[in-house]
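Look for chain A in each of the two complexes below; its partner is chain B in the first and chain C in the second.
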Partner chain A sequence: MLRRRLIGILPVFLGVSLIVFVLLRLAPGDPLSLLVPDGSSQAEVERIRHEWGLDRSVPVQYWEFLKKATLGDFGESYKYREPVSKLVLERLPATVELALLSLLISTMVAIPIGIVSAVRRNSALWDHGTMSLALLGTSMPPFWLGIMLIIVLGGQLNLLPVGGRLTYGIELTHITGLYLLDSILTLNWEAFSDACRHIIMPAFTMGVVMAAMAARITRSSMLDVLGQDYITTARIKGLPERTVILKHCLRNSLCTIVTILGIQLGTLLAGSIIIETVFSWPGVGSLLIQAIGYRDYRVVQFTVLLFAFIYILVNLLLDFVYTWIDPRVRI
Partner chain B sequence: MDIDQPIRHVDAVAFQFSRIKKRIFRKKYLKIYVGGSIFLALLFASLLAPIIAPHDPAKLDLTLKLLRAFESEDFILGTDNLGRDLLSRIIYGSRISLLIGVVSVLFAATLGALLGAISAYFGKYVDELIMKVVEIFLAFPFLLLSIVIMAFLGPGLTNIIIALVLSRWVQFCRLVRGEVLSIKGRDHVVAAKALGAKDMYIIVRHILPYTMPSLIVMCTFEVALVIIYESSLSFLGLGVPASVPTWGTMLAEGRTYMMAAPWLSVFPGLAIFVTVLGINLLGDGLRDVLDPRMRGR
Partner chain C sequence: MEKLLEIVGLKTHFFLDNGVVPAIDGLDFWIGRGETVGVVGESGSGKSVTALSIMGVVPNPPGKTVEGEILFEGSDLLAYDAEQMRRIRGKEIAMILQDPMTSLNPVFTIGNQIAEVFMLHGGKSHPEAIEGAIEMLQVVGIPNPEKRVHEYPHQLSGGMRQRVMIAMALSCTPKLLIADEPTTALDVTIQAQTLALMASLKDRYKMAIMLITHNLGIVAEMCQRVVVMYAGKMMEEAEVESLFANPMHPYTRGLLRSLPGVDRKERRHQRLVAIPGIVPNLLNLPKGCRFSTRCEEHIGICKEEEPPLFARDRHRVRCWLMKD
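And now, the complex of A and B:
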C-alpha cells in the first residue's frame, strides 16, 4: 500500500520539478550577470556560460539536473557559490521552528474555539462572538497584521524585538538549529527568553490567521457530528456531556481536523515566505525572495522543490493518519 | 374583524408590503446586505475614482511629504514620502485590487469549471490525465506557485492575473468535477444523450448550469482570497509595477517608514481588510441562501 502511494507521488514530483525548471529557465534576465565579473570579454562570458552549463538546451539542462538531483547534487548558487542544498538546509530550522510554533498556537486556539462554538451553538458570546472574530481573522492579510504588531509592540510600546532570531551578542550552542529547543537542551535560559521574545510576534501573526480558518472548519465538522444519531443515543444513555463531546464527537471530527492540518501546512510554507520578509526572519522564505531578486534560480528551484516535497510528504503521512483515526478509511 | 367585510385595497397593499419587507429584511440576508454594500461601495469607488479622489494619486510634492493623517483637511489620510495623497492612492488602488480579483477569478472559474466538467463527464483516461495535472498543481502551496510564476513572467498587471488564474483554477476544477459526477447520471442528461445531443452541448447546456450555485459561492470567497494574494505579491515586489498604486505596493512602500509614518501602513492594510471582510460576508450570506444545508456553518 505504502509502495503504491510512493510510486503515485513520483510522477507528481517529476511534474512539479519540470514546471519549476522550465518556468525559471525561460524567465527574463540572465543569471550570468551574477557570474561574470564586470568588464569581462565576450570570450570570457562564453567560457563561464559553458562552465555552468547554461549554453545547453533546456531539455538537456533538465536531464542533467535530474541525474544530479537523484544523487543529492542540486548545483551551486550563482550568487553565494555554495551548494544550494547546504545554503537552504542551513536556513530550514528557522522556518521549521516558526512554522511549528505557529501551528501550535493555531491548533491550541482553533480547536477549543471550534468545539465550544459548536457545542454552544447560537450563543451570543461563544458562538456568534468567536465566529465573528474568526471571520475577522480570515479577512486579515497576515503581513498587515505583522506590520501592525511591529508598529505597536515593537515601536510604540517597545516590548518586543522587531526582527531576527536572537539578539546580537547572546551565545547559543547550536544542536538542532531550533533555537528554543537548543536553549532548553543546553539549559541556556537567557537565550531561551531572548529567542521567545523574537519568535512570538511572527508566530502569533501566522498562528492567528490560520486559527481563524481552522476554528470555522472545526466548528462545522463538530456540528455535522453533533447531529448524528449515535450522539443522541449517547446522551439518552445518560453519558456525561463531557464524555459525549470529547469521546464520541471529537474523535469522529478528527478526520476533518487532520485535513485542516494538511491544508495549514501549505498556508504555513507559503505564509513563511511573506512573514519572514516582514519580520526579517532568517529562514528559507526570505532566502527565496532574495534569490528571486538576484535571479539565483538554482536557489529558487531547490527551495520550491523542497517546499513541494515537504507538502506532498506530509499530506501522504496524513493519509495514513486517517486510517489510524478511522479504521473504516482505506487508502 | 368581521369576515364578511371586504378587504380594502389599501390594507391589502400594506399587507403585501409588510410581507415583502419581512422577506427582504430577514436575518439570513443580513450578511448579504452588509457584505454586498461594502462590495458595491468598493465598486463605485473604483469606477468613480477620477471624480471622488480629492487629488491626483501620482502628483508629487515634496513640500507636503509625510503629512500626518487627520492633520490637514486637504489630505485627510496624510501623504506619503513623496507628498502624494494617501486617500487618493487608496481609492485608485481599489481599481487594481477589484480588477485583479474579479478578472482572475472569472478566468480561473471558467477554466477550472470546464476542465472539471470534461474530466467528470468523459471519465477514464481524460479524467486520469486532468486529475494528474490537478495533483501536480496542488503539490505547490498556492502562494508559492504564484511567486514562481511571477518570477518567470516578471511584474505586470496581465502577468499577475495569469499567475493567479494558474494558481487557482484547480480549486474550481475539483469542485465542479465532484458535482458533475453526481449530475451526469440524472434523467435529463441521459435524455439529452438519447436525443443525440453533442457532448460539449450537454456539458454546457445541461450540466454546468446545475453547478452554478456552488460556483457563485466559491467565486465570492476566491475573490477575497485573490485580493489578499495580489496584495501579498505586490508587497513582495512581485505584483504590479511599483509605479501603479495598489494597496500591496503602498504597504511595501509604507514599511520603510512604518515607525515614523505608521499611517502609510495602517490605511492601505485597513482597505484590504474591510474589502476582504465585505466579500467574505457576501460569500457567507450567499452560501446560506444557495446551500441551505450549510446555513449557519
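And now, the complex of A and C:
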C-alpha cells in the first residue's frame, strides 16, 4: 500500500512543477534584468539570453528543467549565481524552526481551550469567552497582528528585537540549523535567550491565528464525541470524569484534530511567506517573495516544489498517525 | 421481600430554552433483592431517564433531578457526592445501554474496556484485569476469549458486542443491573439468546434486574413485577401474572390489545387495536390525568384532577375508575 502511495506522489510533483513553470513565464517581467549588466547592447542581451537558455520555447525549457531536475540539478539562481538547492536548503532550518514553534504554541493553546470550552459548554467565561477570542483570532490578518506587535513591543516599548534570528555578534555553533536547539545542545545560554527573543514574536503571530482555528475545531469535535453512547458507557462504569474526557473522548476526537494540524502545516508554509517578510526572518518564505520579485525563476520553482514535498510528506505521516489513533483506519 | 432500591417521589426535569420538560414527574417504585422488575411504556414515557437518574448520569445541563429520593440499600444516592456516586456506579449498580453498535468505544480493544472496570473497582493491575476480562468473556459465551479480548468493537457482531456490554456490566458482580432495552437493536434470534444469557447470569450472580423495554413479551418471560409508565408517571404496578390476567389501567389494557397474537386463534384474523393519538407534549400536559386525552373510558373528573395511586388486588393503579 505504501508503494502505491509513493507512486501517486509523482504525478503531483509533475503537476506542481508544470503549473509553477507556466505561471511564472506568463507573469510579466523578465529575469534578464538581473543577468545583464547596465548599458549592454542589444546583441549582448541576446547572447546572454541564449546562454541561460531563455530564448527557447517554454515546452523545451520545461523539458530541459525536468531532465536536470530528475538528477537533482535545479540550476543556478540568476541573482545569487549559486545552485538554488543549496541557497534554499540553507534557509530551510529557519523556516522549520519557526513553523515548529508556531505549531507548538498553537497546539498547546488550542487543544486545552477546545476541550474546556466543550466540557463547559455554554458557560459564559469558558465557552463564550474563549470562543469569542477564537473568532477574533481567526478574523485577524496575521500580517496586521505582526505589524502591531512590532510597533508596540518592538518599537514603543522596545522590549523585543523586530527582525532577524540572532543579534549580530553572538556566536553560535550550527549543528541542526535550528538555533534554539543548537544553543541548547552547545549549552550556549546567551545565544538561546537571544534566539528566543527573536523568534517569539513571529511564532506567536503565526501560532495565535492557527490556535484560533484549531480551538474551534477541537471544541466541535469534542462536543460531537461527548454526545456518543460510549461516553455514557464510560460514565456508568464509574470512571472519573477526567478519564472520560481525556481518554475516552479525546482519543476519538484526535483524528479530526490531527487533520486540522496537518492542514495548518500548509497554512504555516504559505503563512511563512508573509510573516517572514514582516519580521525579516531569513527563511525560505522571505527568499521566495524576493525571488518572485526578481523573477528568479529557478529559485521559485525549487521552493514551490520543496513546499509541495514537505506537504506531501506531512500528509503521508498523518495517514500513519490515523492508523495508530483509530484501529478502524487501514492504509 | 427486602427492598434493594426504592425510588420515592423522583422528579427529573429538563430545562430547555422553551420551557421545563418534566421527563419524570413524581415516580415511586421499588425493586427487591434478586428481583426482576420490568419498566414498560411508549417512547418518551421516561423509562431511560429513570435509569440515567438512578445512575446519576442525566446529561446536565439541561437535565437535573430536582426532587425525590433514590434509596439504595437504605441510603439516598441523591445525597452522595460525585466521588461516592462514582464508587456505586459500575460496582454496585451496573447498566447496559440499548445499542451495542454505538455503546462501545471504537478506539479501544474490548479487553481494555472490560479491564478498566476491574482496575477501577477491583484495584487490579492491568495484566490481572485482562485475565478477568477473558474470564468474563467466557462467562457471557464468547468463543475463543483469549483471542477476542484483543479485538476492537468493529470486529464483533451486534450480538457479540451486547455480550461484551453484559460482561463489562457484570465484572464487579453488581447488586442491581439496569438494562435499557438491551435487545431492541438485535435480531430476533440473538434477542432470545441474549435474554437467556441474562436470565442465567441473574441466577448465577443473584442480582436484581431493572429491565426497561417496550416489549411486553419480554416482560412476561423475564420479570416478576411490572411498572407501566406514561408521560413521566407510573400508571400501574403489579406482579406479572396479575397484570397480564387483569390489567386495570386503560393504558395497560391498550398496550396489551396492541400486541399481535400469533398463537391465539381467536385473535389471528382480527385487526390490531392501536391506542388513538400520541403521547402528550411534556411541555404542555393536559389538565387532570395525562392519559385522559387518549383514554376511551374517561369520566368527568379525569380531565379535571390528576388521579392518585389506588391500591386494588395487589395492583397500584393511577386511574379514577379505580376509586372505591
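As a convention for this text, the second predicted complex is superposed on the first by the 331 of 331 C-alpha atoms of A that agree within 3 Å, B and C clash if a C-alpha of one lies under 4 Å from a C-alpha of the other, contacts with A are read in each partner's own complex, and residues count from 1 in each chain.
Following the convention adopted for this analysis, a contact is a pair of C-beta atoms (placed from the backbone, for glycine too) under 8 Å apart; a residue touches a chain by one contact, two chains touch by 3 or more.
Because the structure is predicted, anything quoted here is derived from the model rather than measured.
J.: Under the stated touch criterion, name the partner, chain B or chain C, that contacts more residues in chain A.
T.: Counting contacted residues of chain A, the larger count belongs to B.
J.: Return first, second, both or neither, reflecting whether A:261 touches chain B, chain C, both chains, or no partner chain.
T.: The answer is neither, since A:261 touches no partner chain.
J.: For A:116, using the defined touch cut-off, is the partner it touches chain B, chain C, both, or neither? Pick first, second, both or neither.
T.: neither
J.: Does the superposition put A:19 against chain B (first), chain C (second), both, or neither?
T.: first
J.: Have a look at where A:233 lands relative to chain B and chain C in the superposition and call it first, second, both or neither.
T.: second
J.: I'd like to check the shared interface: which positions of chain A are touched by both chain B and chain C across the two complexes?
T.: Correct list for chain A: 122.
J.: Touching chain B in the complex: which residues of chain A?
T.: Its residues touching chain B are 11-13, 15-16, 19-20, 23-24, 26-28, 121-122, 135-136, 138-141, 143-144, 147-148, 150-151, 155, 219-220, 223, 265-267, 269-271, 273-274, 277-278, 288-289, 292-293, 300, 304, 307-308, 311-312.
J.: Contact residues on chain A for chain C in the complex?
T.: My answer: residues 122, 228-230, 232-241, 248, 251-252, 325-328.
J.: Using the touch definition up top, name the residues of chain B that touch chain A in the complex.
T.: These residues of chain B touch chain A: 132-133, 135-136, 139-144, 147-149, 151-154, 224, 228, 231-232, 235-238, 251, 254-255, 258-259, 262, 265-266, 269, 272-273, 276-277, 280-281, 284, 296-297.
J.: Taking the touch rule as given, give the residues of chain C at its contact with chain A in the complex, in rising order.
T.: The contact residues of chain C facing chain A are 52, 55, 57, 61, 82, 86-91, 94-95, 97, 99, 102-108, 116-117, 120-121, 152, 154, 165, 168.
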